[in-house]
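Each of the two complexes below includes chain A, the first together with chain B, the second together with chain C.
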Partner chain A sequence: MSRWSPYDLNGGTCIAIGGEGYCIVAASTRLSTGFSILTADKSMILEVNDKCLIASAGFDGDRSQLHKVLTFRSENYEHFHKKPMSCPAMAQMLGNTLYYKRFFPYYTFNLCAGLDDQGRGCVYTYDAIGSHERVGYSCQGSGKDLVQPVLDNQLKAPSILELPPKVAVTSLSQAEAIETVKIAFSAASERDIYTGDAVEIFILTPEHGVQKEILPLRRD
Partner chain B sequence: MIPHCQLPSHIATGPHVSPFVSHNEAGAPYGDHRSEDVHVPANPASVPFAVAPSTDKGEVAMGEPRKHTTTPYVTGNSVLAIKYKDGVLMACDMLGAYGSTKRYKSVQRIIRVNDTTIVGASGEISDFQYISNLLEELMTQDFCYDDGCTMTPSEIHAYLCRVMYNRRNKMDPLWNSLVVAGVDKNGKEGNKSFIGSVGMLGTSYTDSHVATSFGNYLSRPLFREFQRDDMSLEEAVSLMQEALRVLFYRDKTSINKFVLAKVDGEGVAISKPFALDTKWDFKAFMNPSKHAVGSW
Partner chain C sequence: MGIPIEDETDSLSFFFCFPTACLVGCSPAVFRALQLGTTAIGIRTSEGVVLAVEKRLTSTLLIPSSVEKIMEIDDHLGCATSGLTSDARTLVEHARVECQNHRFTYNEAFPVESCTQSICDLSLKFGEDGDEDAGGMSRPFGVALLMAGWDTVEGPRLYHTDPSGTYIKCEAKAIGSAAEVAQSTLKEKYKPDMTFKEAEKLAVETLKQVMEEKITSTNVDIASVKPTFRLYPVEEVEEIIKELTS
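Up next is the complex of A and B:
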């Protein structure tokens, strides 16, 4: 008899792409456990403010808890400082929040994405215990093995290995980036059983704030 | 050992028999095939739902109170819930199973929380009774505020999500899947139906239809095909009956004694126990081997 585990993996994939003057955050809405689907319509994206979103794949219980904690803290920040939390600030706090639970981790795999002070897309990618780095684009969750190579290939972003370092945002236009995200998700839903039903796509721009779009995926 | 008491010779005695002796005093743990241990299974874990001490030495020492639920004992099975035009329906059977034994046959697994909310539970019955007490306390507190507001179904769902998640954080879970259903009367556009579910790890979701345990396999496909948020009460009841019937046919730990609960703008109504008509004399059932001739 196996011991009871406080963890589960509820599947789902999320992608974030930072561009010049926009940021795209997208996540699938299927919630699964084992081989069953619990619901076809559960969001895994937290809208912190109109400059910063957090997408979390992994275990749903921990995700709810993490999103609650982050909401409280960002609200507190707004009361103290009379301004919304910037994306880089949120990114650091998310790292600290995750590391605080180093020895009983939140089993969540996060992306923190939004617009920085220059209005440029910014994406941070994490592991479950808080290690993070700023990148130009990233993906997390059950479909990441399928999606990450496609993004590497398609986004024409400068390599992080290049010296001197260049700004990591993609040179793609907003419309091209959205199209890439859609293709990546429909491809992932063909092969990954935990990615499907629908994708929520959030588009952040300095001019229009947060816009949301929903793309239906295969439901099987 | 009980002093001054002569036990019949066929009853095994010794430190390893006494329930008040810890593992270390008793010597080797279970699973070690000592000849004195013949009266307990060599590997208690292999016996489903056996009331036997854990083989995991660090976890529960023999004779000490068992603090954490590591396996459920008396369990309830599927709970189903769907939305319809005026509110929600919830249904389940009344069985409290002890492993695969149909042990208790009049267990009420749907409770009324307030005028707008009901909660149904599958999993460990005693844990659900504890949760019922928590909800009762919550409602008493809500009443005492005397502010003219009562908790909405989504608030009660949020509360139960926190309770379940908190207990899993303590590595001491409440072994249940809960379904919260009801009507929110505070909405601007009239009454709004709500169905939410939460599992023992704190995994939670809301949907137009929900089913726990076996129901997720057997009833959910029916709901996906036939449930609509604007269906009439009659349609919803017959869909629910069909789902229950399918469950009863294929789930061996279920009985033909059900309870159906309804929440609408008028309030909560929980039915008396009822049975469904069943048909077992299908031709293919009468002679099951007719179309499956063996090779010898």
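Up next is the complex of A and C:
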């Protein structure tokens, strides 16, 4: 017996990598439902301001609403405090916003990424109810299990079991990081049916603000 | 409409010119409280902000440490109060809650101006209407505050608030009974490139000049925000006063 569900899975994968003086956020643009494709160019990324981006994978209906709510609150913040929201502030606020709906969650798996006040890349990774931590890189979405080991290998993450605990600081250059992202998506699109069509790649730097690139992927 | 008047008795002349002159009419007691309040001085430099207040201990049986005229609001924010102490406590409590709310939601320090604004938002919530939101007061707050804080981006800040709900950003400000005299001294001696030590000395010197009793380490309080709030212990106040007289 099939029961009506308020949720749906619309697929897509997103990656974020933070390094010294740059931050890269990339997400696929395919929107699917079941075995069908709804559209080939739906953005999963919200540009909050030139220091912070939010990528959300999962259910597009909740993603759309969440992004609207965050935009509203970040604009209010800017009006009241006369300065744009910093990425760490947005990260905390996103966590709170998600937990607010603890008993009817936003079905979104988020990445909040950008530049912190020192100009260093920062990436925060979330679960659906707002549990978050700052990391050097992360991925979410339907292709996450395919992409995560590639990132771990290329970005040389220290084992989380090591003592004393080592922070995952990404030591790749900006160009190397972008190359890794492109390779990861190409690989994921081969095996994950929900990842494909194209990838939006946002590059944030203190000097140039937000730059965008589009990488086409296979359309089958 | 209102014409802002640039003079030392800013609080009172401000009100007489504004439509909210009803504030003065319906609560003259409140403004009397401000005029009689203990003197407080705040000076801002690029190295930090200093606050100095007279405690006015009316009896030797009064325990000096229990007279709290400078209060911490958060790690990066504190204020000096002049006027009705109970009203001051209400406003500071509110500011403390707002600061923690902000940290909870945004994981960052509450900007000093925004905190000052949130305190001023309370100021006009008084009147006689029965249907107003619960907790409406019957009279304005009879207290002026000097908010001293350190913003992560903008640096040290000093703001002055009064019962009308107006706030102004200042480099140096004196409030309370001796405000007129103290403010003119500050105007004379303040320099934008002052070091913190110089500002500290100026604040205490000015207080000494206008206080009725002889200045001692127990009848004044000094605090600084550079960049965190710190109330000076008695020994340190003693040191500063000794340096003044030498």
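To be clear about the criterion, the second predicted complex is superposed on the first by the 209 of 220 C-alpha atoms of A that agree within 3 Å, B and C clash if a C-alpha of one lies under 4 Å from a C-alpha of the other, contacts with A are read in each partner's own complex, and residues count from 1 in each chain.
By definition in this document, a contact is a pair of C-beta atoms (placed from the backbone, for glycine too) under 8 Å apart; a residue touches a chain by one contact, two chains touch by 3 or more.
Given the structure is predicted, the values throughout are model-derived calculations rather than measurements.
Undergrad: Given the alignment on chain A, is it a clash or a fit between chain B and chain C?
TA: These partners fit in the superposed model.
Undergrad: Centred on chain A, what angle do chain B and chain C make, from Cα centres, as a multiple of 10°?
TA: Taking chain A as the apex, chain B and chain C sit 110 degrees apart.
Undergrad: Quick check for you: in the superposed arrangement, does A:Asp41 touch first (chain B), second (chain C), both or neither?
TA: first
Undergrad: Scan A:Arg3 for contacts with chain B and chain C and give back first, second, both or neither.
TA: A:Arg3: touches chain B, not chain C.
Undergrad: Just chain B (first), just chain C (second), both, or neither: which does A:Ser32 touch?
TA: So A:Ser32 meets neither chain B nor chain C here.
Undergrad: Which holds for A:Ala91: it touches chain B only (first), chain C only (second), both, or neither?
TA: The answer is second: A:Ala91 touches chain C but not chain B.
Undergrad: Under the stated touch criterion, which partner chain does A:Asn110 make contact with: chain B (first), chain C (second), both, or neither?
TA: Neither: A:Asn110 stays clear of chain B and chain C.
Undergrad: Tell me which partner A:Lys82 touches in the superposition: chain B (first), chain C (second), both or neither.
TA: A:Lys82: touches chain C, not chain B.
Undergrad: Regarding the shared-chain residue A:Thr205, is it in contact with chain B (first), chain C (second), both, or neither?
TA: Once the two structures are laid over each other on A, A:Thr205 reaches no partner at all.
Undergrad: Count the residues of chain A touched by chain B and by chain C, then name the partner with the higher count.
TA: Counted on chain A, the partner with more touching residues turns out to be B.
Undergrad: After the two structures are laid over each other on chain A, how near do the C-alpha atoms of chain B and chain C get, in Å?
TA: Minimum over all C-alpha pairs of chain B and chain C: 25 Å.
Undergrad: Overlap of the chain B and chain C footprints on chain A, residue-wise?
TA: The answer is that chain A has no such residue.
Undergrad: List the residues on chain A that touch chain B in their complex, please.
TA: 1, 3-4, 6-8, 10, 31, 33, 36, 38-42, 59-62, 64-65, 104
Undergrad: Within the complex, which stretch of chain B touches chain A?
TA: 45, 56, 70-71, 161, 165, 168-169, 171, 173, 197, 199, 201-207, 216-217
Undergrad: Which residues, counting only chain C, touch chain A once they are in their complex?
TA: Chain C reaches chain A through residues 104-108, 111, 113-114, 117, 152-153.
Undergrad: Help me check something: in the complex, which residues belonging to chain A touch chain C?
TA: 77, 80-83, 85-86, 88-89, 91-93, 96, 117
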